[in-house]
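The chains carry the letters A, B and C, assigned in the order they are written, with residues numbered from 1 in each.
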Amino acid sequence: MSRAALLVLADGRFPAGGHAHSGGAEAAVKAGRITSAATLEDFCRGRLHTAGLVAGALAAAAVLGVEPAALDAAADARTPSPALRNAARRLGRQLTRAARACWPSPELEALAGEFPRGAHQPVVLGLAARAAGLAPGDAAYCAAYECVSGPATATVRLLSLDPFDATGVLARLAPELDRVVDRAVEAARRAADEGVGALPAASGPLLESGAEWHAAWSVRLFAS
Amino acid sequence: MDGVTAAGVRASSRIVARADGRGGTALPVLDGEGPLALRRTRASGGEAKVMVVGAMSGPLGGDRFTLAARVEEGARLHVGSAAATLALPGQTKHEARYDVRLDVADGGELHWLPEQLISAHGSELQVATRAELGAGARLVLREEQVLGRAGEVPGRLTSRLTVRVAGRCVLDQELACGPGAPGGWDGPAVLAGHRAVGQLLVARPEFAERPPIARMLGECAALMPLAGPAVLVSAVAPDALLLRGLLDEALALLGP
Amino acid sequence: MHLDHHRHGPAAVSADAHRPDGSHRALRIGLGGPVGSGKTATVAALCRELRAELSLAVVTNDIYTREDAEFLLREAVLPPERITAVETGACPHTAIRDDISANLEAVEDLEDTVGPLDLILVESGGDNLTATFSKGLVDAQIFVIDVAGGDDIPRKGGPGVTMADLLVVNKTDLAPHVGSDLARMAADAKAQRSELPVILQSLRGGSGVADVAAWVRERLAAWTA
């Protein structure tokens, strides 16, 4: 097992379906809330401290061996929007396929059997990291980074935003990402001792309602 | 009241609602103290009605309030409040805590409809509301947070709402906002400058078979069926009045 | 016991020729090509030609959600439950080549819900001349170009023109109107593709989609042999 497996798992080209999702950016662009690199940064920062923290903690907890079904139920309870639950399961199913090909493990096989329609993506991400021999913090980094890199690349396509500006946003968020990962791992360790109720539940109301709005469109570029 | 200490006020109030056997609801426990004084008001039908009457302003920094309501099998309880709750800064640097614990047994029904919580400039408050429902329980729960009095920079507010039905968690969500909250709280993913945010949670056993269909209410509010026999209406609005309008509209859509 | 476990195990990871229950899966044929070359019209014509003799289904990859799927639904070429749309996030070539997971799920779900199937047609979103299907997703691919797109396309080559298992030059009826030289297109295609087949087709006359349908039948015979 190698730490470099983290680079494979975190690679934007890892074939697990992420390219078709905007992480809420398409709805925020259409609502006029993302119009520039600065507003993209605000969006990503808010998403990082809410959905990103929760995803990071779920992934880290999965690496620590917390039962996947309990984590999946905790993810459901932390995702009021049915459109977001659906997107998370679709992405989880796609990630399960890619992870089984890359790091075959009995736990991933069991997950694929238990959740044929997909478990929540951060839970699968954690199990993939576990199968790859990675640490809880590695999985949390992966989950938290994805939650900002997805909207950033989507906004490049949606607004024809300068890709250097969009990537600059990600670089500026890096120190905050470190802090979110620390909080996520700490919460995951508590969850391993006390149960999934100890996981963070931070939410962004506009991420949830925006996802419902987006799901009702007949014409859109991204699946979520 | 446990008393006023240097650290702040500790107050805890309890309500127990029990079917009286004649189609009505009795209140064998109606135990309010200090800032959480309770008044029984005129009942309607089989439902008992209680008002939380704020006898002091608060919570202030360092205060610790606990409010618990238990609705037993077949009982029906409606709880409101006489006025909005205003979180204010206190003498101490400590944050205030307000814990609400709601238990509704099978066949019981609770309408928990307090007025808004206003987070005033300089205040620091953590609210935690936990509802435990039996499989056949019914709940209508409304929470509204208003960030600052008119034109005011808000205080720091963290509000967590956890709802379990038959032992299974169907909703666990936390909103953190105000100066000192994690970044982006006022940005396009969270509040986008809106100053009123609310949640309406409706749990009914029949939603297990026939969940309401997800829909938008305006641009920034959505009615969302949860993974369990409950729906959440999540809304942000420019002010408290518009927010109340959205939540009332949602409740009317769901029907009695 | 071990065999039982395997049979009820989770879905295959990629292009495995068997389904989790051990049965032979459907043949998957991809149709790619530039925007407007007639991919969707060819898929519709193939469905009409083959639906009486084969159990088939279609996956579309749209740029804007479901437009191609909705065209097929309007044309009623197959019952709606046999048509699935995959959303591609503004990158249709990614969904058929670099990250095929959403398409694999779509074909597996079709086999689960309306199967057993003989054939699944996977239509790509209109894209450029380099967009080809991954071998992890399809067993054979058809690249559809048209005479109105310029008669120099076969000469220019590109992975779609040179590597596809079948190259279809569509809308031959338009050649006189757009000044395209069919003989030159055929000769250039032959030069680019050596032994790989090329079919010149007009869906508005002549034998229509019959030649492409015959090629599909041959592939299917080889697949089930």
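The definition used in the following text is that a contact is a pair of C-beta atoms (placed from the backbone, for glycine too) under 8 Å apart; a residue touches a chain by one contact, two chains touch by 3 or more.
A quick note: this is a predicted structure, and the numbers were derived from the prediction, not measured.
S.K.: What chain sits nearest the middle when you go by CA atom centres?
M.R.: A
S.K.: Applying the document's contact definition, name the chain pair with more C-beta pairs in contact, A-C or A-B.
M.R.: By the number of C-beta pairs in contact, the winner is A-B.
S.K.: Taking CA centroids for every chain, report which one is farthest away from chain C.
M.R.: Result for max centroid distance from chain C is chain B.
S.K.: Measure off the straight-line distance from the CA centroid of chain B to the CA centroid of chain C, and report it in whole Å.
M.R.: So the centroids are 55 Å from each other.
S.K.: When the centre of a chain is set as the mean of its C-alpha atoms, what distance in Å lies between chain A and chain C?
M.R.: Once rounded, the distance between the two centres reads 32 Å.
S.K.: Distance between chain A and chain B based on Cα centroids, please, to the nearest Å.
M.R.: Averaging C-alpha atoms per chain gives centres 29 Å apart.
S.K.: Which of the residues in chain B come into contact with chain A in the complex?
M.R.: The touching residues are 160, 162, 168-176, 182-185, 187-192, 197, 214-216, 219-222, 224-227, 232, 234-236.
S.K.: Could you please specify the touching residues of chain C with respect to chain A in the complex?
M.R.: Checking each residue of chain C against chain A gives 8-11, 13-14, 63-66, 86-91, 94-95, 98-102, 104-105.
S.K.: Write out the stretch or stretches of chain A touching chain B in their complex.
M.R.: Residue positions touching the partner: 24, 28, 31, 33-34, 39, 42-51, 53, 73-74, 76-83, 85, 176, 196-197, 200-209, 212-213, 215-216.
S.K.: Over in the complex, which chain A residues touch chain C? Could you list them?
M.R.: 13, 15-22, 90, 93-98, 100-101, 109, 112-113, 116, 154, 157, 217-223
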